[in-house]
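The data blocks that follow each hold one structure.
Below are two complexes that have chain A in common, paired first with chain B and then with chain C.
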Partner chain A sequence: MKTTEHIDIRCPRTLAEALRLQADERTRGTLLAGGTDLMVQWASGVPTPVRATSVWNLPEISAIEVCADCLEIGAGVTHAFLVDCTQVHRHLPALAAAAATVGAAQIQARGTLGGNAANASPAGDTAPALLVTGGSVVLASVSGTREVPLDRFWTAYRRIDARPDEIIVAFRLPKKGKAQERFRKIGTRRAQAISKVMAASRILVEKGRIQSVAIALGSIAPTPVRLSEVEALLAGQKPTPALIDEAEKLAQASVRPIADIRSTAEYRRWASGRLVRAALENL
Partner chain B sequence: MAKSLPRIRRLVGQPFPRVDADGKARGTTRYLADRHYPGLRHGVVVRSPVPRGILKAVVPDPDFDWTGIVLATAKDIPGINVVHMHDRTMPLLAEIGGEIRYRGEPVGVVAAKTPELAAAAAARVRVEVDELPPLLTLQEAVATFKSAPARFDSMKNQDIVKGDLAHGFAAADEILEAEYWAGHQEQLYLENQGLVVVPQKDGSILAEGSIQCPYFPVHELNDPLKLPPEKIRVRQTPIGGAFGGKEEYPTMLVGYAAVAALKSGRPVKIAYERHEDILFTPKRHPVWSRYKVGFKKDGTLTAIECDFILDGGAYLTISDVVMFRGILHCAVAYRCDHVTIRGKVARTHSVPCGAFRGFGAPQAIWGIESHVDAIAARLGKTPDAYRLQIHARPGDRTPTGQILSKENGATDCLRLALRRADFARKLKQCSRGRLLKGQKKYYGVGLSFFAHGAAFTGDGEAKFKAKGRVELALLDDGRPGVDIRVSSTEMGQGVHTVFTQIAADALDLDPARIRFPLADTALVPNSGPTVASRTTMVVGNVVHRAALDLKSQIEAFAALRHFRGAAARLRGSRLVAQGGKSVPFAKVAREMLAELGGASGFFQFELPADIRWDQTTFKGDSYPGYSWSANVAEIEIDPLTCEIAVKRVCAVLDIGRVVNPVTAAGQVEGGLTQALGYALLEKIGTGPNGLYDAARLQTYIIPTALDVPEFDVKFVEYPYSFAPPGAKGLGELPMDGLAPAIANAVAAAIGVRLRRLPITPEAIHAALHPVSGGAP
Partner chain C sequence: MSIVKRTWTVNGTSVAIRAPAGRRLLDLLREDLGLIGSKESCGEGECGACTVIIDDEPVVSCLVPVGQLPDGTDILTIEGIEKKRAGRLLRQAYVECGAVQCGFCIPGMVVGSYALLRKNPRPSAQAIRAGLAGNLCRCTGYAKIIAAVKLAAARLAGRRK
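Let's look at the complex of A and B:
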């Protein structure tokens, strides 16, 4: 039996106030957004913190801004918001699709993009969709903001490139333009499922050739990963059946998944290639 | 002939609304967690940290502040340290010097003011064990059974023998042999296990909680608590689901709480959280079965040989009876003259397995229904035609020699399911490992056909003689009505509703005047546990007959009082007699309550006198009646990922008289959903530390609404005429046979038969892509 009653939860009204709290070790708290990861972790034995700083509903990080070439999505934006937003569907369809597979309606209403990314689970469903955009994370502290490319953001298992005094404020994600995006998740069941493997892709085919390609997988390594070898194989090529076969095999050869309660290493390895195939067929 | 009075609408057979719906929908129903107990202490069980060893010491940490906290251990047990169950071998709490037999075996109970404090204190009790090597899984036990049978540790053996096996195999043109496995399954009731034990001034105890069988603790804890049955009173709180999980287990939980309650002199509540509940309470028994079946070229079965081993866990508890039900369902649905079934309960160093909807039958049906399909394939026959050819019919003898009665919808179930599902046509669309024209996914359709023996096995009901009363009472609104007094418990399955319907019909009384209080052993006679699909069939009959008994008492009273001795009838909530003016039931009931102090109708169930059963040879009439069902499952497998989706399920069932078609269909859809989880999703293993590896909702995967297919549920009615209203047992049947129907559909889709449940995408992938050089 675990309660959260003893946690001193601060609810700042503005980002500036939140950043000030985080700047000082004596007032700094665990950042709490939707709580859908934290509450589960606390219930299953992770020690509860003394203080928490709620970033839920902070206005500065809860909106989506549409720029000329990119979407700037606030870290506090919920999965439900992503699923409902036509701009996200138009410009970042893989992210919209990924958000739609997170938990089910209740969790989507509460869980945030920032929380999903910061939690840094290899099974975080939005991570591959974020990765293939080639975008970046915007972090803020009292000393200013900095931008970290997404492919350097997840540094190790459950680790991110963020200092304790920093708050993720947004994701700056280039629009897909003429490229095609796809997302496919293999979960343990149809809803409320943690991924066994999932893949996102952004591929631009022009004049019959693959002009640019980004493919990312989750749940097959300590962090979400781009498949750079496969991308190199595909770049500039015609997406022929033979090439797709080769890409599938290369993906299977290049990943080193583990076995756990949800799946086997063999299946994950095989499925990684299958999802690469799914990204490439009928482009 | 007397002119018949106008016919009143009968409630039996009608979709009467659930009588417990209002409170549950509004949240006014008060479950254990909603109740307040003054002076309550919270109990936490202290458990063995290893799966096997000799218990050396249980030592409270001297650096911890134990003020106001009670630690009860085996030496605080007032009487003999044993829980009765079926073989009196399991201690209530492990003894110092005794053998620990499973990880998590209780060695003590801590009781403190708050659950947090109790948990903290329990963590500060050092449990010292000299470890011994454990045997953790059925896999290991079966390996021993095959390689060194003499060393195989079986807690119970039972054979069923019909005819002469050697003769049967000699007559066969062909023999097919295969093994079938299935793992544990967790009941996953919504409300976790929980109860409170309140010590009384006279030394007796009152236990109250989420208890499926209130009379079990009354008769199972007399030795350890040194209390006679009348000093153990058990009261049911509203139950948030049980599925068998709250059958035998709460008895132990009452024992743990009682030891701490008696020691502290205060009420002690033990309420598990989900993780502890999954880790340490009983599950469905894992099974290994080996079928060897001989058959002629025309398909006639000549011999069925089956070894059937259940994983009982560390103690027998009730596993013998689960195995009995298992072997009785291994070959009951098909014609065959020579049958030998050998049942065993393996001992492993794991949490004792227990009751779960189906009670051994799903494990048996999983094997035989897969095997029959495999034989059909070998013969080049279709699964439907083959089952229509060989299935058992009225007049046939079962493996125990029981002659199947005419109250048998087996053939109807099979034919109707095949027709409704358009099976023959769909069979032609099965992919068999190669996508047909227009198919994007592998498609398969599968069939299963099976019986479920209703009520206690053998002469259980004859010996038990379920008792029940229906009595006059003032209801909550102060006006008269009747109380149904039986020990059957509402767990969400709808017994309060169907018994209300049955009593209302028997009394011809407005159902609003019928109340069914929660079971309390001080107030209700023992109508038996709410198990074995027996409640509507057996106790429903008791309620019907007790209500008729009460009715005749009311009529006799009214005849004298209001009609000068003329025969009176209770009709439409009024007493009527020829020539007299009718009198309302309420008036007569008030008079009886005032003048006689009430009235009570009683009935004690008896089976027909010609029931024969031999408990040692397992010959005779193994069940009073059989329910029947056929399931058709349609599935798709994505060749890209091997993910499997069940698209449609058709279930046709003969459950005798359908008392309430809506609640019955709800039971069927719920049971089928549980069976779907068993077939495809619910995977739980044992780690080297002896703990289950999927002991949270995050890792123990049950179906969600999106995983559930379209259902087509239909009943055919062959009532059990001996016991009006004629129900035959429904609760377990929907859980019994969907897993093999799905497995058969998988085989039809990919052309490979899988013989281990659950059938996961990983398993399908492994079957389609065998590792070169590895095992096939």
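Let's look at the complex of A and C:
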């Protein structure tokens, strides 16, 4: 028998039912959304759990709501849905661009935003795009909901601020407004490749000065990170070539990448600087 | 282990299934339903050889546990696609363009092509490359596959007028 057939997978029809299953240790299971991380891990020898709770297609977490200042994106929304959604393109273009680089069509059709965030890989493509919005994650349990700012959500390598009885239900993401967003991923191949380094930025330039700036990188630290030192350097300044040079150097000095099968630490450090430059040129 | 009973539409026909919820859709299709057109190559979602269409979206069936597919799910495999007009045109174009060598990736490639043409009936070469990026072929170098999809798209559009 194939490994995943042993798993007792519960497939609740509603969020309330899923939350009830997760509330009790005796019925709680590994949360399973599109399975594009978990099914692969299980196929490649990671021990399978006794139980799993499917959150795939739960109606309460599978929609996008457009509010006055923000988009509330259900955790169960797929990358394909993000790529096809004009509201996401208009208000959160970095996220739309990031979702479009996840795997390829087949993976985008099943992989979810919640799964990408909860999997908490430093190479998760949507993480930097989420971070630059300054938004938050909404978690639910039978006792209610809780909101965690994204910049505190990824706590350590492959760790998130979520209790075992909680389910991520949504991401509350402020619209970009007049700011410019960019996303750039560097991988071995354009599609179906995990990134070596990627960057997202949200920058507002008005009256010739950088009024607000958020830059986040992935794959260069145990968690996705905002480059706060670089942001501090840039805030309030004119985006001159000299300032951009300085930001590139500071980015290279402030990241702590590792070497692994996908890239070397030196390359990642160098590319981090180049990505920061790309975020700043021609604003 | 939990067993699920479901009624789906597979290639236009109603099918009742009973299987462990964690059984991979690919295994169910091949071993229980005898639909062996979908191939297993990598078993990790990378190669696309097991691509099928679920509710209009192309997915890799090696990563889908059947429990997640409720009653009424509509599944289209290569066996169903070859009976559709776009499927026939794709097959003919693949043959004419010499797009098939060893053939192992081809069912998934044709399913991927079919899904692409449903979303984008006149794709550019670039859009075909992007649309089929999740289908790996180790023989052809892709150029003839891309030509085949272009040819099928042109014929599909031509006859629609």
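Observations on the model:
The criterion applied here is as follows: the second predicted complex is superposed on the first by the 281 of 283 C-alpha atoms of A that agree within 3 Å, B and C clash if a C-alpha of one lies under 4 Å from a C-alpha of the other, contacts with A are read in each partner's own complex, and residues count from 1 in each chain.
In the analysis below, a contact is a pair of C-beta atoms (placed from the backbone, for glycine too) under 8 Å apart; a residue touches a chain by one contact, two chains touch by 3 or more.
Treat the numbers as computed from the prediction; the structure is a model and nothing was measured.
Applying the stated contact rule after C-alpha superposition, one finds that A:A104 touches each of chain B and chain C. When the shared chain is aligned, chain C comes close enough to touch A:T36, but chain B does not. With both structures placed on the common chain, the touch criterion links A:S263 to chain B but leaves chain C unconnected. With both structures placed on the common chain, the touch criterion links A:I9 to chain C but leaves chain B unconnected. By the touch criterion stated above, A:R274 is placed in contact with chain B alone, chain C being left untouched.
Touch criterion not met for A:V46: it reaches neither chain B nor chain C.
In the superposed model, A:Q192 lies in contact with both chain B and chain C.
Once both structures are placed on chain A, chain A residues 1-2, 40, 44, 104, 190-192 are touched by chain B and, in the other complex, by chain C.
On the chain B side of its complex with chain A, the touching residues are 115-116, 119, 273, 275, 640-643, 645, 681, 693-694, 696, 698-699, 701, 703-707, 761-762, 765-766, 769, 771.
Taken together, the chain C residues at the contact with chain A in this complex read 1-2, 4, 20-24, 27, 43-46, 48, 51, 54, 57-60, 62-65, 67-68, 70, 112, 115-116, 130-136.
Residue ranges of chain A in contact with chain B, taken from their complex: 1-3, 40, 44, 104, 186, 188-194, 196, 261-264, 266-267, 270-271, 274-275, 277-278.
The touching residues of chain A, counted against chain C in their complex, run 1-2, 4-11, 32, 34-36, 39-40, 43-44, 52, 54, 56-57, 80, 103-107, 109-110, 190-192.
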